[in-house]
Structure formats: C-alpha cells, structure tokens
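Multiple structures follow.
Presented sequentially are two complexes of chain A, the first with chain B as partner and the second with chain C.
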Partner chain A sequence: MEILQYALRKLLAGLPLILGVTLVSFALMVYFGPDMTYQLLGKNPTPEQILEVRQQLGYDQPFLQRYLVFLGEIVTFDFGVASTGEPVATLLAKTIPVSLILILPGFILGHVVGLLLALAAAYWRGSWPDKLIMAVAVIGMSVSFLIVIIGFQIVLSSSDGLDLFPVRGWNASSLGNYLSYVTVPTLATMFVALGYDTRFYRSVIVEEMTRDHVRTSRAFGLPESRILLRNILKNCLIPFITRVMFSIPQVAIGGALLIESYFGIPGIGKATYEAIVTGDQPVLKAVVSLTAILFVLVVVLNDILYRVVDPRVTLK
Partner chain B sequence: MDQAPTTLDPVQGSNIYANFVIVNAYDTLYSYQYLARPYLLKPNLAVDFPVVSPDGLTYTIRLKKGVRFVDDPCFADGRGREVVADDFIYSLKRQFDPENQPQGAWLWQGRIAGLDEWKAAGSDYAQPVTGLRAIDDHTLEIRLTRPYPQLTATLAQGYSALVPREAVEKYGKGLGVRPVGSGPFRLVSYDTARVVMERNPNYRQEPVDLAAEGYNPATQRFSGVEALQGRSPPFVDRLEFNFINESSASWSSFTKGDEVQLTVLPIEQIDRVLASKRPVTLRPEYAARYHVYGGLEAGFVFTAFNMDYPDFGYNPDPERERRNKTLRCAMIKGYDWEARNDSWYFGLGEYFPGIIVPASPEFDPSLSRASVTRDVAGARKLLQDNGWTAENLPTVVYGTTAGTTERLFFEQFRAWLRDIGFPREKVVQKTYANFGDISRAWKKSQLPLVAKGWGLDYPDAENTLQLFYGPNASPGSNDANWKNPEYDRLYEESSVMQPSPERTALYHRMNQIVLDDCVAITGISRTRIYLWHKNVIAVPDREILGGFWLKYVDLLPEPAVSPTLAKGG
Partner chain C sequence: MTKDLSQPVLKVRDLTVEFATEDGVIRAVDSVSFDVQPNETLGLVGESGCGKTVTGLAMLRLIPMPPGRIASGSIELDGRDLVPLPDRDLEDLRGRALSMIFQEPMTALNPVFTIGNQMTDVLCRHRDLTRRQARPVAAELLAKVGIPEPANRLDDYPHQLSGGMRQRVMIAMALSCNPRLLIADEPTTALDVTTQAQVLEQFRALQAEFRMAVILVTHDLGVVAETCQRALVMYCGSIVESGATAELFSRPRHPYTAGLLASIPRLRSERLPELPVIPGRVPDLLNLPAGCRFADRCPRVQERCRAERPVLTGRDSGVACHYPL
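Presenting the complex of A and B:
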C-alpha cells in the first residue's frame, strides 16, 4: 500500500516534468525545427500554395493553441498521421518492438559482461588483468561508434571479410533469422557499451571494496565469495540499478540511430531521425511525449527498487 | 537506393525515390521507351499518342480496355475493378485539392480549362471540370487554355498516375503507405529500410518489342535484353528496394549479392573499381562479376545570382547595376568547373555553358565554352576595369545545408573567389539544418547565391528555361528572380510551340540571353555509374525513365541467385 501510494504521488509529481519537457521540445520544434512546408511544395509553388500547405500543417495557428492540441494528443494518445500517411500509433507499434528486440541483447549482455569484467578488474586491482581490461575498455570508449559498426560489418558480414552474417536488413520471423540479423548489431553495441559499463562498475565496486565493513569481514575470515556477494555487490546495487534503469527510455524509445541506419533496420531510432530531419512533427511529438512519460515511470520504479534492495530507503 | 521515399501517394510523389515505387504500383497514361536515349515517350495505359486538335487545345486519349486495379478490400467485392477514364480525371483533381498537400499541380496550373476554377470553388469532387471529360469509359478528352506541348510528357509522371477513388475514400492519407494501382507490381510491405513488391498477377500481357523500345544493339547488346523480345513483363516475381544511405553499407551489401543492382557507385570506390573513366570500364576482377554503365544525369547543378540583392543584381543606381553585372561576369570567369568536376564527380561530369542540359534534345554542343573555362586574369581585369577593389567588393553569402561535403564545396568556392581578388572574410558560409530550411530561404529570396541542382521532369529544354522566366520568380522556381523582358517574351512564344527547329532556335536565343546577362554560374551534368550483377538482364536508369525500367528486369538462371528474386539496390 505504501508503495502504491508512493507511486501515485510520484506519478502526479511527474506531470510538471512532462509538461516542461513537452513545452520546451515543442517550442524547439516550432521555432527551430525544420519547416516541412517547403518539402511538401511542388517545384514551382505560388504564395497561395505555400499558404495552403501551412494551413494544412497547422503552422498558421498561434503557438499556444498548437501546444494545447499537442497536450490533447498526449492525453488521447492520438498523434495523428505521419508524413508518410501512416497513423503515428501504427508507426510506433511497428517500430518500437523492432528496436526493443534489436537493442535488448546488446543492452543485457553489455551490462552483464561489463559487470563480470569489472569484478575481475576490481578483484585483481592494480595487476595486469585489471590493466588489460581497463585498456580494452578505454579502446572501446575511444573508437568512434561509426568505425566500430563499419569495422564489424566488413569483418563479419562482407564478402571481403568472414561473410558469416547478413550485411544489413532485418528478419525476425524465426529464431534462426533473428539471431542471424541481430548478432553483428549486438556485437557492435556491446563493444562500445562494454568500455563505459566496465569502467563504471569497476569504480563502484572498488569503492565498495575499500569500505570498513568489507575489511572487517575479511578480518573475521569470511570467504571471499561471500564477501563479494553479500558485502560488496549487494551494496553496489543502488548505483547499478540507477545506471540500468535510466538507460531504459533510451533503449525503448530512442532505439539506436546509427545501428538502425547502417544495418537498415526499421526501428524507432531510424524513424525518429528521419522525423527530425524532415520536421515530421506528429512523429516527433509522439516520441518526445513517450520518452518523457517513460522517464517518469522509470524514476518511480527506480525509487521503488531502491527500497526493495535497501530497506533503509524510505518512500517519502 | 540511397534514400527512402517519404510517401507512395502519387499526389506527393515529388522525388525519384517515391517515383521508383509509384510507377511500378500505378499506371500512367504514358511512359518512356525502355532503351531509347535520348528519352522518347510511348503510350503506357493509353492506346496511342493523343489525337490533338489543329489549334493544339484539345487532346483526345483512348485508354486500354480490360486493365484492372489490383485486388484490394477497398473495392466492393475485393476484386480490382476496371480502370476507366474517370479515374484519370479523379486523380488529376486530387492534385488540385489542398487537403492532399499536392506537389504536382504546378504542371497543369493555368493549363487545363476549369481546373483552377474547380479548386477555387472548393475542390468538390462531385463538380465537373470543364477541361476534363470522359467521353466514355475508355476515352478521355483534355481541353487546354492554351497550347501545352509538354502535356503528354506530364502524363508520364508519377503525379498523373491513376488512383482509384475507392482506395482514397477507404484509406485516406494511409494511401501513402498502401498503394492500390494497376501497375506491374503490387506492394507487399513498406518501411524506412525497404519496399517489397510482388508481381501483379493481373498485369496486362504486352510482349516486348525491342525495336519499339529504342534498342541499340551496338551499345546495349551486352545487357542481354535481347532475351526479352516477345515476352511480357514483369519478369520477376518479387521486387525489393533497399534504401541504404550509408555508402559503405551499400557497397558491402551489393558486393555480397544482397542487391542485384547498385544505383550509384560510391565515390570512395571509384579508384578501386574503375579501370578507366572515359570510357567507364571496370578492373578485371569486377568486370568478371558486374556490368557497368555510366549515364549522364538528366539535369544539372548550377549557382544562380539572386537579382533581388542590390549588391549583385538589380540596383536603383543604373551605374551600380551595370557594375554589378561585371561583378557577376567576373565571378563566372573565376569559377573552376574543371576542378569541381575532378573533385566531386570523378572527372566524369559534363560541364557546359548555359541552362540547356546535354540530356535535352535541344542541347547545343557548338555553343562557346568561354563561360565554363576558367579565366582568372580576365576576371581580375574585369573587376579592376570596373572599379572593384578588395575594399568595395560585396560580401558573398554562400548558403548550404549542414555537412562536411557542403563545407568543402564552400571552401573550394571561396578559394576560387580569393584567386580573383575577394578577401577571405568577404566570402562566408551560411548553413541550414536541412533541405527544407534552405528551400525556405530560396523561396523567400533570402540568399544572394542559390546553388542547387535541377532534375528534368521531361526531356524538353523548356523545363530548365522556365527556371529563369520572370513570372516564376520567388517563391516560384526562378530563384534568381531575374526578369528580362526579351527572355520572357521568347519563353511565352516558345511555350506554345510544338517541337520544331523554330522552337529550338528560340530556346538557343534564350540560353544566350542568360549567358550574356551573367545571371548564373552554370552548369554541370553529373555522370552516374550504375553497377549490376552479370546474371541480371537490365539497363538501369534513374533519370527520366526512372522506375519504369524495373518491370523489364530479368535474371539469368544461375545457382547463386534465386531466379525468382530481384532486388533494386
């Protein structure tokens, strides 16, 4: 009951955040975003045709009125029709699942492998395994994501390389097809994410390992595995949860623009990028709103998880 | 292809990407001969060329009988009904209905009797248009307000594709992702990464006559198209368009065999792949696997001076206006087309004087090349003789979209201007987020220089000459906002003339006026290098023929590629 009350309270408190994010984003779209009028005009437009298109797009309406319409769309979850003619809801329903199953393997593996490597590095802190892992992590962080993608594509997929996987495209009609198409994007994502994740987890673990209670446990002669699991990792859970949870909106809505573009995957990242470039406001409004709402939900869930892993945390 | 279409509704099919799909999903009354170069029109859904009245104002067009739209739930019994003349009238009306945000109306605006009035009266589809009449289900009459020699060519454009009313009423704007036409293919799926189409099983049987398609054995036998003689397209069961913006991914995918045809060879692969540029030939390891063809663009790239800017163009002071012309002429002399061609177009482009492009039938190869030959000393002298100094030269604002390539374009342009005496700080770049934003600046006459490309809508120099017609000034296509009474008079005179030596002579005079007035730095037509696998029978094109060639693609039986699969890359 306490958790439910807290969740409702936080959700209500999240409303100003949603309003703020949508207001700022909408202002940016209206005053600084691409003007779609001139992409929708023919080659030899007249002033009347320009006016007609602006009216069709609603650009002739006052800002406040347009923003209120936007808020109405958020409440009804009806963002209208994308520039392709497809309802935005259909577009999201098509693209978000693709992005989710595309990004999730890399997301999960990145965190799990990153944690394992961080544990190893922390355990052998200062010795060569630590230095090796950290050196590789820095390389992963330093190399441009673009280069990583192109490199993996050439080495693993192209006829000049190992030719093991499709160069690009998407087919999740069977597990075999899915694994075939998701492997290279996942490896590329992991390669870059591992560097950041490993460094982050290592620093948290190392900090925890130097605390008094860990030293005391060792003095009492507790086995290292028990110290690791109960004294170190358990106390690291709060920063771990924070890092994982706050990545979720990005995974769910942001997708992976570069991955989706280079691998020709019709996910939400690619759709969002194209909407930004063309000024397709119905799609942009939907993505901005969903991201803000998801962010609020994540904050609530995050706080609840804090309480679950650490009873000292109060939900007030 | 390097970009995805934004919609598949013919009413907004303004770019090559959309048109590639649209002309395969829908029928147009006319299309182009598959193999003829220069491009030549041919009847498509029409039985023959229009019967034109002696005054050139009435076109009578007969439609083929028995052509059906694809089966779709929008039809009463789910079975595609017959295509009739009223479908054309309805489709053209859609271009004049603001609700559709149409992009093709400019082709018929002020040309077809009653169409503009129909729009002004509220675009009520129940109301007739005086200039559009279905004499019967298979005979169409178009009445014009004045002769329009390019009318037949406009009826080969995706904009004029025949759309069934039932589909519009059922799907509304959703027609943009769900075409319902009578073309050789029907849509299976469409997303930002690819379009998949399958053979339209009801497509009419029309055996290929290579002679009628303009086949030239001397230059086209290598493609294997002779195997198509007497057979009815389409030849493949499935057509896939993969939209790959990234050239490295595009190249890897093509060389692996995921696409059977690569639209344009990436610039970074040129030295690796080509053995020679003139003629375009492949290195042996690639020649063993691919066909190659270097096709000249049906369009051009040019930079117009915006005459609205008193620093370069029209000025209340006649003396300053005279000096402005010398300034423009000097900038043209300082422009290095050869370097531009070598830097950006592999040295394969064709730069030419004036605005009549080599792909136009009216192109004049004998025209003096002085305006495209760099003359730095001449430019400096011209500036000096007319009182231009580093201090009084105006600031040149060069607008581009944001991007590395665009920045390099600008730096190169600035270097050329510095060679003729412009101080570095007087040549500045102004960047815009995307094409829509820079288009807005052009249409609002906010940039002194307009650097852009233009693709021909039809093979007639009128299509580029209208770019400098006074009444087409901003927001129209005359971004130069140039108004020359003599030019405008000649344009109006020629615009109602059928193709003839007399009309060509008028075109050449207009071209010369543009050159004499130094109103644009022009121009170059780029060469596109098409590659396709050896087991594919095709002559690719992405110019005026556009997607019409895809129904003629066939595959040789070869184990490496499924004979039922063709992918347009």
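Presenting the complex of A and C:
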C-alpha cells in the first residue's frame, strides 16, 4: 500500500518532466523543423494560397496555442494524419508491436546471458575463464554495430555462408517464420550488448566482492557460491536495475532505428527514420512525445524498484 | 569436539604471511608462534600495520588470496592443522569452531538482509535447524548480548540499528554455534567509550558462560589490561614480547612495550610537560633493517642490535631483545 502511494507520488512528480521535455522538443520542431507549406503547394504559389495552407497547418497560431493543441494530441493519442495519408495512431499501432517482438528477445537474452557470463567471470576472476570472457567482451565492444550486422548476414544468411536465414525483411505470421526472421537481428544486438553488459555486470560484482559483509559471510562459513548468488547479487541489484531500465529507451529508439532500417523491418524505428528523412511532422511529434513519456515512466519505475530491492531507500 | 582443558586450543607455529605488492613481497607476519589455552583471553597488541589484524585473519584463512598467502607455518586448532585443510572442510569450521568479529560494525553486516535473516543463515549452516526453528534461537542469542526486544529486532535491517547494537549482533552471531575460539579484531574500536565499556562487560560475561578462548586484537592497551590474561606485543610482523598481562604492564622488558605503556595518557597528580612518544617511524616493510627492527627507534640501541636480530626467548613469556629492561 505504501509502495502504491509512493508510485503515485513519483508518477505525479514525473508530470512536470513530461511537460518540460515535450515543450523543448516542440519548440525545436517549430523553430528548426521543416516547414511543410511549400511541400503541400505546387510551384509558384500565390501569397493567398500560402496563407491558406499555413492556416490549415495551424502555423498562423501563437506558439503557446500550438503547444496546447499538441498536448491535447498527446492526451487523446490523436496525432493527426501522416504524409502518407494514414492516421498516425494507426501507423503506431501497426509498427510498435513489430518493434517490440523484434527487439525483446535480443534485449532479454543480452542481459541474461551477460549477467551469467559476468557471474562466471567474477567467480573465476583472474583465471582463464575470466580472461576468455573479458577478451570476447572487448571484441564485442570494439567492433562496429554495422560490421557485426553485415558479418552475421554474410555468415548466416548469404549463399557464401550457411544460408540459414533470410537476409532481410519481416514475416511474423507463424512462429517458424518469426524465428527465421528474428534470429539474425537478435544475434547481432546480443553480440554488441553482451560486450558492454558483461563488463559492466562483472565490474559491479567484483567491486561488491571486496565489501566487508562478504568477508563476514566467509568468516561464518557460508559457501562461496551462495555468497555470490545471494549475498553479493542482491547488493548489486540497484546498479543492475538502473542499467536495464535505462537501456530500454536506448534500445527502443537507437537499436530499433538501426536494426530495422538495415534489415528492412517495418517497425517504429524504420517509420521514424522515414519520417525524419521526409520531414513528416505528425509522426515525429508522436515519436518524440511518446519517447519522452517512456523515459519518464522508466525513471519512475526505476525509483520504485530501488525501494523494492534496497530497504535503505525510504518511501518519503 | 572434546574440550580437553590441558591442551592448548590453538597452536600457531612459525606462521608467515606474505603479500605480493607491485614493489615486492611484503612479509606482514614473520614466523609468529603462540598458544591459546582453553578459556583464556589472549591480547594481540601493536600499532597499525604491525601485523596483528593479518594474524587474526590468518587464523580463519581469511586473508585475501591473492595477493596474500600463508607462506609457511601451521595453525593447529585442537590438534588439526588448518593451513593445508581443503576449503570445504575449512568452511565447516568457520563460524562453528572458529568465529570472528570485526572492527567495522557499520559495514560488516549485509545491508540488504534483515538481522534475523543473517543470523539464521549461520544457524542453519552449522546447526541442524530449519529456518523456522532457528528464529527463536536467534532471538535468544540477541537477548544474551543485551539487545532489548530481540524478537522485533530480528526483522530490522542493519541500518536501523546503532553501531553498538550492530556489534552486539555480530557478537551474537559469532557465539551462535558455541565456538572453541573467538577472534575479535578491534571489537570496540569503532564504538564510543560508554558503549565500549558496556560491550566489553557483556563480552567478559559471555566468555565465562560460553567457555571459549578469545584472541583479542587491539591497539588499546586499556582494553587489554581489563580483559586479557596474557598478551603478545607485535612490532613489524613479529612478536617482540609476550607474557601475563599483569607482568607485562608492571614490568615491561622490551623497550617497545615500555614505550607503548609510557605513551598512554592518564590522569596523574604531577603534570608532564608533554606526552611521551616513541620517536621515529615504523620501518618500511619492503626495506627492513638486518638487525632488530626496533633499533632505529630504541633508546637502548647498541652495536649488536643493528647487526643481529634478536629472537623471542620463550613462547609463553619471553622477549625478543638483546638488552631487555
């Protein structure tokens, strides 16, 4: 119950943040974004035509008024019509699920496998399993994402390699199809994420291993494996949760954008990329505001999870 | 385990502990030998860096390895050498036959588990108890160390208790399996004076009740005088003097012991112009002098002291000095 109140309070505290982020991004779009007027008009428009289009687009309204209209769009989830003629809400409903099922396996596997490798490296720290895992992690970090994608495509999807999976495209009509299309993007994201995540997890665990309470547990005869998997791991949860939570917006935007455009997958990342290139303002506004809201939700959820795992965090 | 009162609980012989550093190997403990008798409290005294804490940790093989290692020597607990013991067998002894409490009550307990959780962990590890059965035992132990409302305290987290309370929890945990030997590393140093006195008082009473031997590692000579029957004075990794506390304090034989005793501030009628101190500094452990390690600071130094290292004359009562007082 106390937790619920705390969550509500945190959510309310997140509201001004949402307002601030949307205000800034809206200002950027208005003053630096593309002007749609001339795209909608033909060659040599008359001043009256220009005026008319600007009126239709709402450009003649004062800034504050336009911002309020924008906020109204966010609340009602009605972002108008994209330049393709499709309502933005429909576009989002179509593309977001694709991105979710595309990104989720790599995201979860990346963190889980990264944590397992880090535990192994920390348990055998200083000896060969540790050195091997860390060497592979450095390779994962050093190779560019694009090279990794191309490498996996050549090895797994081309006739020069194993030719097991389609090179690009998307089909999630059945589980078999889904797996064949999702495997290569998942492996590519995992490969890159593993490098960073394993190193991060290992360093947090190894740091925690030097704490006094670990020595106390040893002095009382608790077995090393139990100390690592219970006493140490629970103390690492705050940095771990922060890491996982804050990689959500990053993966949802950056990862999806790159992977989807490379593999030709019709997700939100690809739609965003196209909207940026064509200056499709309704889509951009929707993506920007939803990202801001996602970020605030992540921060709030992060704070709540802190309280769940660490008794020292107060609810006040 | 039989409690034979005629044999020492612990026999340490020629214990040498080394640490590999970037500049070379440091010998933190240098062929130290001593016995601990049943029910006895043995004080291990010396200034910071003299090797007393490392000696204490070595008894449970808790020295971080690497960089540390027990280079040679034996540690016999009831006739069983702990140095070559497999890790699994040693884990069985830790917290059961051999317990340890630490200097830092603020950090020695795990911050994200309740007191009860941590205590039942130890109880279930070494005694044939379920967690449900262990809880009342834990509460009983907390009551024994003087914690009010013990049953409620079990659900507290360490940060909800004061330093003194936490150290009591540590003591309760250390006593939970009736150890043969308890190593207490500066158990009261981090506590304020009033709490210190209370904890020490409790400690003495518990020692009588649990009938265990104690090694008290401390730099506080006052604590040694109050609690220990015998004491070992360490300097630069070796024992320089050993003996019964009363004897040692009234008639110190090693100039270092004498210097330590003289530098205790006390209330007295005559006013001293200045608190006496031991001049000079502890030598660098990487470049130890060939002769007596105290030679550079010793008021009684002679030619022989710089050339020849003195050996401890006796294990239970002796001095490592060519020209003792």
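For this structure, a couple of remarks:
Please note the rule applied: the second predicted complex is superposed on the first by the 280 of 316 C-alpha atoms of A that agree within 3 Å, B and C clash if a C-alpha of one lies under 4 Å from a C-alpha of the other, contacts with A are read in each partner's own complex, and residues count from 1 in each chain.
Simple rule for what comes next: a contact is a pair of C-beta atoms (placed from the backbone, for glycine too) under 8 Å apart; a residue touches a chain by one contact, two chains touch by 3 or more.
These figures come from a predicted structure and were not determined experimentally.
Counting the residues of chain A touched by each of chain B and chain C gives the higher count for B. In the superposed model, A:Gly176 lies in contact with neither chain B nor chain C.
When the shared chain is aligned, no partner comes close enough to touch A:Pro16: not chain B, not chain C.
Once the two complexes are overlaid on the shared chain, A:Val277 sits against chain B while remaining clear of chain C. Touch criterion met: A:Lys234 reaches chain C, while chain B stays clear of it. Judged by the touch definition given at the top, the superposed model places A:Val81 against chain B, while chain C stays out of reach. Once the two complexes are laid over each other on the shared chain, residue contacts for A:Gly126 go to chain C alone; chain B is not touched.
In the superposition on chain A, contact is made by A:Ser217 with chain C only, not with chain B.
Contacts of chain A with chain B, set against its contacts with chain C after fitting on chain A, share not one residue. Touching chain A in their complex are the following residues of chain B: 4, 6-9, 12, 14, 98-99, 101-107, 109, 172-177, 191-194, 242-246, 248-249, 252-253, 255-258, 433-437, 439-440, 443, 457, 466, 472, 475-477. For chain A in complex with chain B, the residues that touch the partner chain are 34-47, 49-50, 52-53, 55-56, 81, 83-87, 94-95, 150, 153-154, 157-160, 163, 166-170, 261-266, 270-271, 274, 277-279.
Of all residues in chain C, those touching chain A in their complex are 60, 62, 66, 87, 91-96, 99-100, 102, 104, 107-113, 121-122, 125-126, 157, 159, 170, 173. Chain A contributes residues 126, 211-213, 215-224, 231, 234-235, 237, 309-312 to its touches with chain C in the complex.
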